[in-house]
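Sharing a structure, written as structure tokens. Questions coming.
To keep things simple, chains are lettered A, B, C, D and E as they appear, and every chain counts its residues starting from 1.
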């Protein structure tokens, strides 16, 4: 029995990437092998990660890489999302003429980066993994080379991401300066007996926090999101909204719990920190929900909606800062949100491409007549986004709200609830267009492959089933603490 | 006396009916729907008989199923003298709503039937649940079919109406949700376990009167006041009532509004004993204003449906007077009046639809003189109008009389103000009936696609049964009062 | 005359100044290539601060970190330049003002 | 003043001035050359601090590889189009940014200046390093032991970067092709 | 035999005729006046027989136990409130029952002839039976809600019958007016019930009669009940509906708006007399209102030209007399007048109906004249009615009216002023009735020549009721309880007869040879503008209020708040969007500012705690 056994999913994943690339080189004339091997890789990883049983967290590689229930679960989620996207958007890629082997290689590397990111217990590893995740993302964002908007999205994402990467690194160097280490566990130990002037540590912490607030697009660091979402290929946007956000949120949670804030030395700073998260959460909620109702572009709308969802997750994180065992509300939120977003983006990717124009809301008019099944799917996902009952969206909000109420943040819950009402308008509007209006002649055609329909159906089934019987999910995620 | 009984069938059977609708040929959907709702009524009466026909109000049927043990939410169904009648009414209203012929049986009939039964199921769940979270879920779920019904089969320009309806209701209900969370947390703080059971929460708030509880009360109040609706939260009502297809209007005015009434009786008054006593004056004033204000608006209405919409608000104001007495007698009479209002408003909209089938122009600026053309229909219509004006001998009189006699003890002034509504009620109902029925029939706008003459056949049977119920229970309301 | 030794904090000051200049450059310059250079400048400044902190703590961890950061910087600039070239192909410009199609 | 101090002063002055040039020079080529100067002087600063390996790699990686890439791309793009004369930002924008950056710099400086008194957590003084076989050896050993995971991860980073660059470099509308 | 027969017989008639009407109307056939009329009259007559039997049985009982009671079922029971549906017959209600069933069956009989030409006689008779059913409930009800059932029910029947010819919008509106004005009064009734329940704890009439209340509550309760009565019995201030109610068929006016329904106010006051008497304020108000109404309505009657309107104002005036009687505490004399008035006013109305019928719906008295010869039965019976209302001995009105006049002077609550106004009203009564009589039956004929030929005497179904009522008007006065007359009373009697003779003489002189049309006082003719005032104040006021509510409150506040709140949210969305300019540098700058702000905040914020 090897010491590395818990890491098998990750190792298999890396091997899979290499094999996929090798196979692609051998069969250079077609993209099919890349697709199949990418799928295989993800499936194998998924099974491995589900079969790995980590009762207690295991630190590997001198403690920089920690495998715990959280990371294996998250890896399963990431792989599942990857599988969904690969199956669901295959037709979209062909339509957009970007169905290349490279796409799959980059996608795999991106997911690998994300999967390492969630395990990282070292700031340097975090940085490198972040870049492993981001570099393919920048490239994939610019994959629709026929469309200058795609290019623009990639460049914007790249520049902003680069600067923020430098900010992260500066923060890491400050923390290194303050503590003499970049290991999170050592930093935690250090914090328990930290004394004296801790400004350097605080500033470093704030800087890395900011860089991850940027990654999860919390206001006021959200500017990149709508532009990048709109310009990127829909399948990539979906990956960003699910895989990358999930990983970033997990890291954000780790960063928020970087030190032992129970120690009296750190208490004042901790209060400030909570205040900061509160402000970010409220701003994200308000601004996200307020803008989302003004949007006409579907992907932009989803971008702003994800900004407002960031607000909810931040509320959940706030709850976990007050009471660490409430972190499971964040996990449930991430899980549910990823699922419904995945379904939505696969649905969005079913629209026929139009020259120099994105998928507009107006394209949905009259879908009821053309594709009643899809209307049901759209409605389910959108209702889930709005937090209506019998969808997982209700329970995601439920746990965030109740954890915030539990920790005394009732006022912010009220704000969040009001924002939910405002953004519900935005989610209802597409449904209204689909159901109430006859098709606009300028509306785009919607065609999905059997594969994408089935992906949508499966994720819808999960969204619905978990909305009715969330027991298993709650049970699974409630037992996952955030380890220090 | 507690009688354990499987109440779940009351929600599962409509749900099954909702799914079965997709396998029924389109041509016989109406038959199917009416027959199934009759079966549901029979089932309801059979299930609820031990409570409904018991001699005291203490009879209770309870049924508990575990659902989300992690968070203390259970399917705790409770059929007692409060919820029993609403459940029965729900089945009756379903029969009426499904009985109407119209565009909904031509365009997507399966969807209509399916949504309708879903609505029935959701409403039953809401009425039966003694668990606040489950209640909330069902309360929200009611929107979904409603939105689709109005959206798909409504008249032109319905989008704004639907949005208003949805957003206002949603606003109220999310605030209620936050309040529920607060209460759940309160109980958690006291007992260490999570529970959203009504009786646990009653225990949690017993004898307390903190400012936060007042805010919670306001949250609940808003939710239900918007639902009823109570002045000044009625802004959504007119448009959506007017533009909705008739079955949806029937559902909304007859039974959805009762959700609010039910909520006040079931949840607000036992949980917030102190606050409801404290705010009783304001509440009664609002109810009285509702009565008079809506009556004035009804007088001004030149459209049959909006007149009925406002009359509904006005009468619900009376119901709320009874509810806001916060004593058993007042509540029992409010339930009695609710029954009356349900039957009468459903009947009036039903009749209006029958007239609409025959005549297209139903504006109230001119008198139409249809009474001569359809003597039976207008006889029944007149009886409904009389009941709506709560003429003695009808169920509504018994209800209104008992309500006012109880509210007089609470606030003489408000009772007298709302008494003015009795006079105004006569003004607008007579105007309504006269403009349609009396005068010379000069307008020849006979709806050509229905050869329907006078009331006959199925409609006659249905309406006669309703008339008999109104009059019979007008003299024998004991069954609803149970010696309270 | 006392010997003034080079203290690590002095390097930190230099690093911060260069970092700030780099940031200023990214924001003010419109040429994407120069913006990219400024990002490199920022990364370099951070490297310097790592080394300085490393000296303060008398470890070599900072030095090693710098090596990885260099790797990342190289990869990043490669990808960045690739993106710029791709953009230049479609838009015939490297002006960041020209890429404002995506906006609200 | 010691030699190291002199060297430090010189290198840091050059570094700061050249980095100012990087952002002031209109021509990207000039900026690039200023940047090279910055990198050189940084290498000098590393050397002053005794980080010899880093200093060497700084020159090799940054000046040798990255900057060559930059200059190459500038030349490539500048071949026949006058795209490099760009408008400047507006005055207000400049002012706000400058104030913002100065504010940030102030905070950063205040922060790092408070760190003068930090207690060393390690024990690798210069003598100790020399004892262990010198800067190069210690770092290299650490790289393949303590930092092996980082190293592996970095290889995937480079792999990703290669795939990305190749994918980006492809011409338009290449259907179905691979690496 | 049971009491419930009394109410069920009309109910059966109502249901039979109702369904008969519907059946015929559905097949667009004309229902038979004979079938429906005979059924309706039959059930009423049967009810009358039942009533007579009960009257006899009642008279056999000892004087203090004259009460029959039958509980049909329990109606409403909630908390301390227990309302049963029970019938209770005592001497007061038995008198009313006799009037209702007796006069009612006569009018039913009369209607057979009167409505023979009508299109929907079955509907008419069903409504008429409905009315009787409700009226019987009113007088037989054992508790206030039961009385209220009848109270609103007769209002309903009145509404239906006034607007019987519903294709004529004006008639429908007249019915609506009657109903709504009644409802205004009914609100008083309702609130009175609430007060009664609050302070007595029961709504049973016997409990109420026994109840002792604080003076304040008594006054409020009495005034509210009286207010309800003013609506039903067309007293000031709610009297304006009655003249308009003449839009209905004439037999309806005879039955409802003269003989029975309008007197239910007297019934209620008498029924609750223990409470009413307990408050001087209430009595004074009732007396003042009654006598004023009597006088003012009589004045108005003098200015009318429509035969039915004259009778309508006359009814109001006579009702005023009855209220005067109640107001001076002499409820028996009020009830006595109810009875005699029922006879002679029904007679007068039926006679007028006969005239109208003969002249083909002509109602203007200045287009009549010299009809005595052509309508002998009608004119003779009409004269009997005239004599009765004038109070000429030995006609019935003499006994009852004199009693009232005497009581207004002599009772502890009476005074000279009341007497003088009442006497003046009696004088005016004589004047306008004689005017009516002379203009219609005597003098020269002013009938439209085209109609002249078709004038015919009423058929037997109409004539028989006239004759019966004529006899009753003559002898009705003898049914009352007579007592010894003091000298003072004889003087009052003489004075009233003289006044009546005087009024009649003046009128006769003025109108015996009258030609053309009289220019009557418009002010008086239009009901002293009260109607118009109500119209502009209440009807228009309601309209204006609802318009204000609709335009100002609903549109400008409620709806606008909704619109604005959505607009504000949308606007804020657009405001927040402004920063989304698409420029990378701008984003960077904003991020920079955010970073600086956050760092400065943390730097300073943490510094506050002195931990740096």
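Side notes on the structure shown:
Heads up, the rule we're going with is that a residue touches a chain if its C-beta (ideal position, glycine included) is under 8 Å from a C-beta of that chain, and two chains touch if they have at least 3 such contacts.
What you see is a predicted model, and the numbers here were worked out from it, not measured in a lab.
Following the contact convention of this document, E is the list of chains adjacent to both chain A and chain B.
The fewest steps needed to get from chain B to chain D, moving only between touching chains, is 2. Averaging Cα coordinates per chain and for the whole protein, the chain whose average falls nearest the overall one is B.
Of all chain pairs, the one joined by the greatest number of contacting C-beta pairs is C-D. Chain centres here are Cα means. That of chain A falls 77 Å from that of chain E.
In this assembly, the C-alpha centroid of chain A lies 27 Å from the C-alpha centroid of chain C.
Rounded to whole angstrom, the centroid-to-centroid distance between chain B and chain E, based on C-alpha atoms, equals 36 Å. Distance between chain centres (mean CA atoms), chain C to chain E: 97 Å.
Residues of chain B in contact with two or more other chains: 167. Among all residues of chain A, those that touch two or more other chains are 124, 128, 131, 135, 138-139, 142, 145, 155-156, 159, 163, 170, 174, 177, 180-181, 197, 199, 203, 226-227, 291, 294.
Within chain C, the positions touching two or more other chains are listed as 12, 19, 22-23, 26-28, 30, 35-36, 49, 52-54, 56-57, 59, 61, 68, 72, 75-76, 79, 82-84, 86, 89, 96-97, 99-104. Pairwise, the chains that touch each other are A-B, A-C, A-D, A-E, B-E, C-D, C-E, D-E.
Considering their complex, residues 368, 372, 383, 388-390, 394, 398, 401-402, 405-406, 410, 413-414, 417-418, 420-421, 424-425, 428-429, 431-432, 435-436, 470-471, 474-475, 478 of chain A touch chain B. Chain E contributes residues 585-586, 589, 592-593, 595-596, 599-600, 603, 612 to its touches with chain D in the complex.
Contact residues of chain B toward chain E in the complex are 164, 167-168, 232, 234-236, 293, 296-297, 299-300, 328-329, 332-333, 367, 369, 371-372, 375-376, 379, 386, 391-393, 397-398, 401-402, 404-406, 408-409, 412, 415-416, 419-420, 422-424, 426-427, 430-431, 434, 437-441, 454, 475-478, 481, 483-484. Interface residues of chain E, counted against chain B in their complex, comprise 18, 21-22, 25-26, 73-79, 81, 85, 145, 148-149, 151-153, 156, 159, 163, 166-167, 169, 172-173, 176, 179-180, 183-184, 186-187, 190-191, 193-195, 197-198, 542-543, 545-547, 549-550, 553-554, 557-559, 561-562, 566.
Across the interface of their complex, chain A is touched by residues 12, 19, 22-23, 26, 32, 35-36, 39, 42-43, 45-46, 49-50, 52-54, 56-57, 59, 61-62, 65, 68-69, 72, 75-76, 79-80, 82-84, 86-87, 89-91, 96, 99-104 of chain C.
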